[in-house]
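The structures come next, written out as C-alpha cells.
Each of the next two complexes has chain A plus one other chain: chain B in the first, chain C in the second.
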Partner chain A sequence: MTSDRRSVTLRWLFLAPTMLGVGIFVLLPIIGSLVLAFFRWDIITAPQFVGLANFTDIATDPRVGVSFLNTAVFVIFAVTAQLIIAMLLAVLVHGRMPSWLRIFFRSTFFFPLVLSAASVSILMRYLFNESYGVINWALSLVGIPAVPWLTSPQWAMVVVIAVYVWQNFGFSFLLFIGGLGAIPTEIYEAGAIDGATGWKKFQRLTLPLVSPTVLVASVMGIITALQIFDQPYVLTRGGPGDATRTVVMVIYESAFRQLEFGRASAIGLILMILIMLVTALQFRLSRRFVFYQ
Partner chain B sequence: MTRHLPALAKYAALTVAAVLTLGPVWWTFTTSLRPAAESFSLPPSFFPTSPDFSNYVAVFEQIKVPLLVLNSALVTGIIAVGQMVTAAMAGYVFARMSFRGKDALFAIVLSTMMVPVQVTIVPVFMIIRGIGLSDTLLALIVPAIPTAFGTFLMRQYFLGLPLELGEAAAIDGASPWRTFFSIYAPLALPGMAIVGVLAFNYHWNEFFRPLIFMISEQNYTLPLGLVTLQGNLGTGSISIVLAGVILSMIPAVVVFLFGQRYLREGLTAGTSK
Partner chain C sequence: MASPSNITRRALLGAAGVATVAGTAAAWPRLTGTDIPGRGEDALTILILGTSQDAAGRQVIADAFMEEHPDIPVLIQSVQATDWGDFFAKILTMVASGTQPDVVYTATEGAQLFAERLALPLDDYIARDASQLYDYFDDVHPSLIEAFMYRGSVFQLPLDFNAANMYLNLDVIDRNGLEMPGEDWTRDDFTELLRGMHGDATPYYWTNRLFGGVVPWLYIHDTSFLVEERAEGGQDFWSTFYPGEERSGGYLWTGSNATDERVHETFEYLRQLVVQDLAVRPEQGGGNTLVGLFASGRIGTTPAGGYWVQGLAEGGMEPDQYDVQFFPKWRTQRHQFGGAGYAVMKTTKKADQAWEWIKFTANKRAMELAFPTPATTPTRRSMATDAFYTDGPEHWRRFYDTLDRFPTSGPIPAPPQQAAVETALIRNVSTALSGDPDQVARSLDTLDRDLRAVFAEEDRS
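Coming up: the complex of A and B.
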C-alpha cells in the first residue's frame, strides 16, 4: 500500500521538471506564437490586433519571399550534396581496410561536427576572401582568376552551402556507416554468385538495403537545414543584397532588429508548418522507395 | 597491378576527403602562430616555421577570454548536468511505470522534438522577460534543461535494462525510490553520459540564443565573443582572430577525444532501424 503511494509520488516528482519545462518553454510558446501572429507588437506599447495583416504583409514583402526562395535553394543543394558525399565516403570506409585506418577516417569525417558553426564560419570567411584567401591563391596556381566568393550574389550562396556541407556531412556519414554495418554479409555473397559487382552491386543491393537510413538521414538533414542561421549570419550577414538571407535570419531581424514580434511569429509559424509538411511528404514518398527487410 | 587499382583509387579519394576536412582547421592553427603582420601573406602557412604565440596573448587582451570561457562553461555545464538528471528521471518513468495518460504525455514530449527553436523564440523571450531573467545566464540555462531528445534516449536506455533487477529488489522490500537510486540509476550512467556529451556539444557551440538573450558583454558566451572579436578587429589581423578560434575549439576537441563514442551513439540512437 505505502509502496503504491510512494511510487505515485516518485512518478510525478520525476516527471515534473521535464513536463513543466516542455509545457512552459515549448507548448506555451507555440500557443503564444499562434496568438501573436495576429497582433502587431513592439514590446513597448500594447499589442494591437491586426487580423491577417501580418500574413498579407509577409505574402507581399519581396524580402520574405526571397528568404524562402534562398532557404529552398540552400536546403535542396546542401542536403543533396551532404547525402551524396556522406554515402560515397561511407561506402569507401565500409570496404576492406585495416581497422586503425577505418577509425582514422571515421573520426576525421566526424570531427567538424563538434566545432561551432560560428568558429567555422569565421575561419572560412578568411579562406574564401577574394584577395588574400587561400582558396583563390590555390586557384591562381592553376591559372584561374580570383573569384569574388563572398561579394557576388551567386558565389555567396555557393560558399554558405559549401561551409554548411563541410561541417555537417559527417552526421549523415555516421548514419550510413551504421546502416551499412547492419546489412547481413550473406546478401552480398548471394549477390556475388549472381555476378553483382561494382556499380550494379551498389545500385541493386546496397542502396535498397540502406534505404531506411537514407530516409532518416534526409528527413533529419532537411529539418536541420531549414533552420540555417549561424553560417550566413557570420559569413555574409545575409548579403550581398539579400542573396543569402534565410527564413530564420528574417525571423531574427523582424523580431530583434525591427521589433515586429507579431510578424516574426507569423513567419515562424509558416516555417514550422513547412517543416511538418516536408517531413510528412517525405514519409509518404518513402513508401515507394524505402525497402524494409 | 590492375587488381590493386580500385584500392588505390579508394585510398586516394579518402585521402583527398580527409585533407579537405582537416585542412581548414590545420591552416587555422598554423596561421594563428604567424606574426600578426604576416597574417595575410601568401603562400599560406602550412607548417609553423617560427611559432609565435603572441597572437594568443593578444586574444586575451582584446576580449575577456577567461570571462567568456567561464560563462560558456557555467551555461554548458549546468545544462548538461541538468539534462542528464531530468532526462534520466523522466525517461525512467516513461520506461518503467504504467499509469493512465502515460502514452499521451510521452507523445507530447516526443512531438516537441520537431519544433525548431526559432519558432518559439519570441514567446520564450517574453517569458524570460516576464520572470525577470533577461540578460542573465539563467535565460540560456533554464529553458534548455528539459530535453525531449534526452528523455527519449533515456527511455530507450531504461527499456534495455533487465526488468528482473527491479522486481527482485521489490520482493526484497526495496522502495520504488531505492530501486531507482541504488539499482537503475547507476546502471543508466552510460546512457546519461550520452545525454551529457550531446548537451555539451550543442550548447558549447550555441550561437542563436546567446545572440538574442545576451545584451551585456559580461554575459557573452564564447561563440558570441569570437564573432565580436572578429568584428572589432575588422580585417586588422586574422592571426589573432584565428588564435581565438583555436582557443574556442580546445574544449570541443577534448570532448571529441573522450566523448566520441557517446556522441556517436547519441547522434545515431534509434535511427539506424
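Coming up: the complex of A and C.
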C-alpha cells in the first residue's frame, strides 16, 4: 500500500464512526420523515400512502398557520432581544473592571444556559402565577394590580420570550466576549486619536468589527429559536387558546397526541425547509453588513 | 520549558482506539437495552403510569400474586408521563418498537382507545370464571363497569375511581361567616357562596383539564360537548352479575355537540365567574400546586375526587378544616367520574396469565394492598370505611355515595380519539373564558370545528 493510499484509508477510518453516527441518527430519520410525510400512520395500523394529502391538510388548517405566525413573532422578538442584551452586556463586561468581577459576570450570565429549559420553565411558572406568583406579589407592593402573565393571550407570549431570552442570551454573550477580544487595541487607539469616544466608538468601531459575531449569533439564534418547544410547552401548553403554540409544539401534538405521524413529518419537513431558507437568506444579506478585517 | 513526552502520537491514537472499543464493550448492555430490568425474561409484564417508586409500591401485590401463582413470574414496569395522553403515546411507541407489555393499568381517558385498538375483551374469561367474580361485582357499582364496556364487551375491571365532588374549605367558610351547603344545593346557591367569600382566598379554583374542568358543569346542565350515546350489547353480562339493572353496552361519543345552547349557557356561566373574580382563569394551578393552595387556605372551593384526601392530609390539613359535598344541581345533579383498571394487550402471548393477574388484583385482599391510603377511591364499596378515611373529611361517604345517589352519573367523555378531543377542549375553554360574551360563541364554534375535524379524521382512517 502506498503512503497516499494509506493516508486516504486512515482518513476514512477516522471519519467512519462519525459518518456512521450521522448516517444512522441524522440522515436516516430525515429520509424516514420525508417518506412518512406522504403517508397516514398512527403507529398501530399499517402506513397508508396519501400522496400530498398531509400537505393540503396543513395548508388548510388555520391552527398550523397560527403556529407559524407565533413562531415568527417569537423568533423576531426573542432573537433581537437576545442579541441586543448579549452585546450590550458583553461591551460592559469587556470594559475596565477587576478581573474577578469580570469572571463573576461571565459565569452569572452563562449560568442559566446550563439549566434545563423544563426546570427553568417550571420555576418561572410559579414566579409568574397570577394568584400567588412572586412577581405579582412584588408588583402589588407598589400598587400594581395582578397581571395575568400566563393566562392572557397578550402577556403569555411576552413571558415566553422573556424566559427564553433570560435563559439563552448567555451563549450570544460569550460569542460577543470572544468577538470583542479579537478586536486589535490599535484600532481603538487610532480611533481615540481621531476623537472617537462613547457611542461613536461603539457605532463606528465596535459594531462593524463584531459584525461577523453578530452574523454567527443571529444565525445560531434564529435556528434555535425556530425550534422553540420547551418553554411554551411547560409554561403555557401553547395557550391560552393558541396564543403561544409554536410549530414544534404542533408537530409534537400531531405525532404524540393525535397519532398523525405523517402530518407531523410533513410539518417538520416544512420547518426544515424554512430554516434552510432563512439561514441562506441571512448569509446572502450578510454580504451587506458584515465587515471582515 | 516543557520536557518532550515519550508517548508517540501513534501510541496515543492506539490507546484512544483501545479505550473506545473497551468503552463500547462495557456500555453494550446499555446501548442495546439488555440492561433494562426484565428484558428478555419470560415474565408477565405489567405497565403502570408512575415512577420507579410506584412500581416498587406495587411489588407487594406482585409478590402476593406470585405466592398464589408460583408458575407466573410478574414484572412491574413504570412509565413516567405528564398525563394519561402522554402515557398512551409512550405505550404506542413501545408497541411500535415491539417491546409492548402484557398488561397495562389504564384510566377512563384511555379505555376506549385501548378497547378499539389495543386491548383484549374479557367477556369469555368473565363468563368462564363467573363464580369467582360475583364477590367483586356485588361490591362494585354497575356505573363503573358500564364505563369500561365498549360496544357490548367488558375490557377492564375497574379498581379505583374518582367522581368530581366539590371540596369546600371550612376555614374560608367560617372566616366569612358562611355555612356549609346542603346536599341538594343548586348552582345559584353555589354562586352565592362564592360571592360571600372575601379576603385573599380565591372563591373557586379549577383546573383546565378534562377532570374538574368544564365537563362537570356541562353534566349538571344535562349536556356535554360531545354527542353521548349508548352501545347495544352486554345483556348476558348484566343479567348474570347485575340482574334487574338496565344498562347498556357502554358509552359512545359520536361527534361534536359544542354548539348546543346549553353548552353555551354553561360556558357563559363559568365566564361570568371569572369576570366577577369569583374564579381563576382556566389555566391556573393544577395537581399538587392546587392541593398546597387549598391546604393553606388560599382556595374556597374546588372540584376534585376522593384522591385529594391523602394529598390534603400530607399537606397538613386537618379533617375538620374541609369537607366534601356533591356537585351543585342545575338542571340535574349528574356527576362526572373517571376510573382505572388493568387491560390485557391484544398482542400478548400470555393472555391466560394476564387474566389471572386481573382476577387476582380485583379481589379484596389485593385491592387492600393496592390502596392502603385514600389516595383514590377504591371501586369496592366495602373498602369505603371509617378506618380507610381516618384522616378524611366528615362526609367522606359522599365519595362513593355519588354513584348511588346519582346513578346516571357518567364517565369523562373519552372516545378513542381522546387525546385530540382533550387538546381541542382545553384550547378552546381557555379562549372562551378569557374574553367577552361574543368570544364564548366564537370559541365554541372553533371547538365544534376542531372536534368535527377529529371525528372526520377517524372516519377516514
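The rule we apply is simple: the second predicted complex is superposed on the first by the 276 of 293 C-alpha atoms of A that agree within 3 Å, B and C clash if a C-alpha of one lies under 4 Å from a C-alpha of the other, contacts with A are read in each partner's own complex, and residues count from 1 in each chain.
We adopt the following convention: contacts are C-beta pairs under 8 Å (C-beta built on N, C-alpha and C of every residue); 3 or more make two chains touch, one makes a residue touch a chain.
Here the structure is a predicted model, which is why all the values come from computation and not from measurement.
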(message) Looking at the superposed three-chain arrangement on chain A, would you call chain B and chain C a clash or a fit?
(response) clash
(message) In the superposed model, which partner reaches more residues of chain A, chain B or chain C?
(response) B
(request) Pick one for A:L139: touches chain B only (first), chain C only (second), both, or neither. (result) neither
(request) Go through the superposed model and pick first if A:E130 touches only chain B, second if only chain C, both, or neither. (result) second
(message) After the superposition on A, what does A:G239 contact: first (chain B), second (chain C), both or neither?
(response) second
(request) Considering only touches as defined above, state whether A:P153 meets chain B (first), chain C (second), both or neither. (result) second
(request) Considering only the touch criterion stated at the top, classify A:D42 as touching first (chain B), second (chain C), both, or neither. (result) second
(request) Tell me which partner A:V216 touches in the superposition: chain B (first), chain C (second), both or neither. (result) first
(request) Determine, under the contact definition given at the top, whether A:F256 touches first (chain B), second (chain C), both, or neither. (result) both
(request) State which residues of chain A lie in both footprints, the one left by chain B and the one left by chain C. (result) 17, 43, 126, 132, 256
(request) Flag every residue of chain B that touches chain A in the complex, lowest number first. (result) 7, 10, 13-14, 17-18, 20-22, 24-25, 27-28, 31, 40, 42-44, 86-87, 89-90, 92-93, 97, 99, 105, 108-109, 112, 114-127, 142-143, 145-148, 151, 170, 175-177, 180, 201, 204-208, 211-212, 222-224, 226-227, 230, 238, 241-242, 245, 248-249, 252-253, 255-256, 260, 263-264, 267-268, 271-273
(request) Would you pull the chain C residues touching chain A in the complex into a rising list? (result) 20, 85-86, 89, 92-93, 95-96, 117-118, 202, 208, 280-285, 289, 293, 298, 417, 419-420, 423, 426-428, 430-431, 434, 443, 450, 454, 457, 460-461
(message) Which stretch or stretches of chain A touch chain B in the complex?
(response) 3, 6-8, 10-11, 13-15, 17-22, 24-30, 32-33, 36, 43, 85, 88-89, 92-93, 95-96, 104-105, 107-120, 122-127, 132, 134, 137, 166, 171, 174-175, 178-179, 182, 212-213, 216, 220, 223, 226-227, 229-230, 233-234, 248, 251-252, 255-256, 261, 264-265, 268-269, 271-272, 275-276, 279
(request) Enumerate the contact residues on chain A facing chain C in the complex. (result) 17, 40, 42-45, 48, 63, 126, 129-132, 148, 150-153, 236-242, 253, 256-260
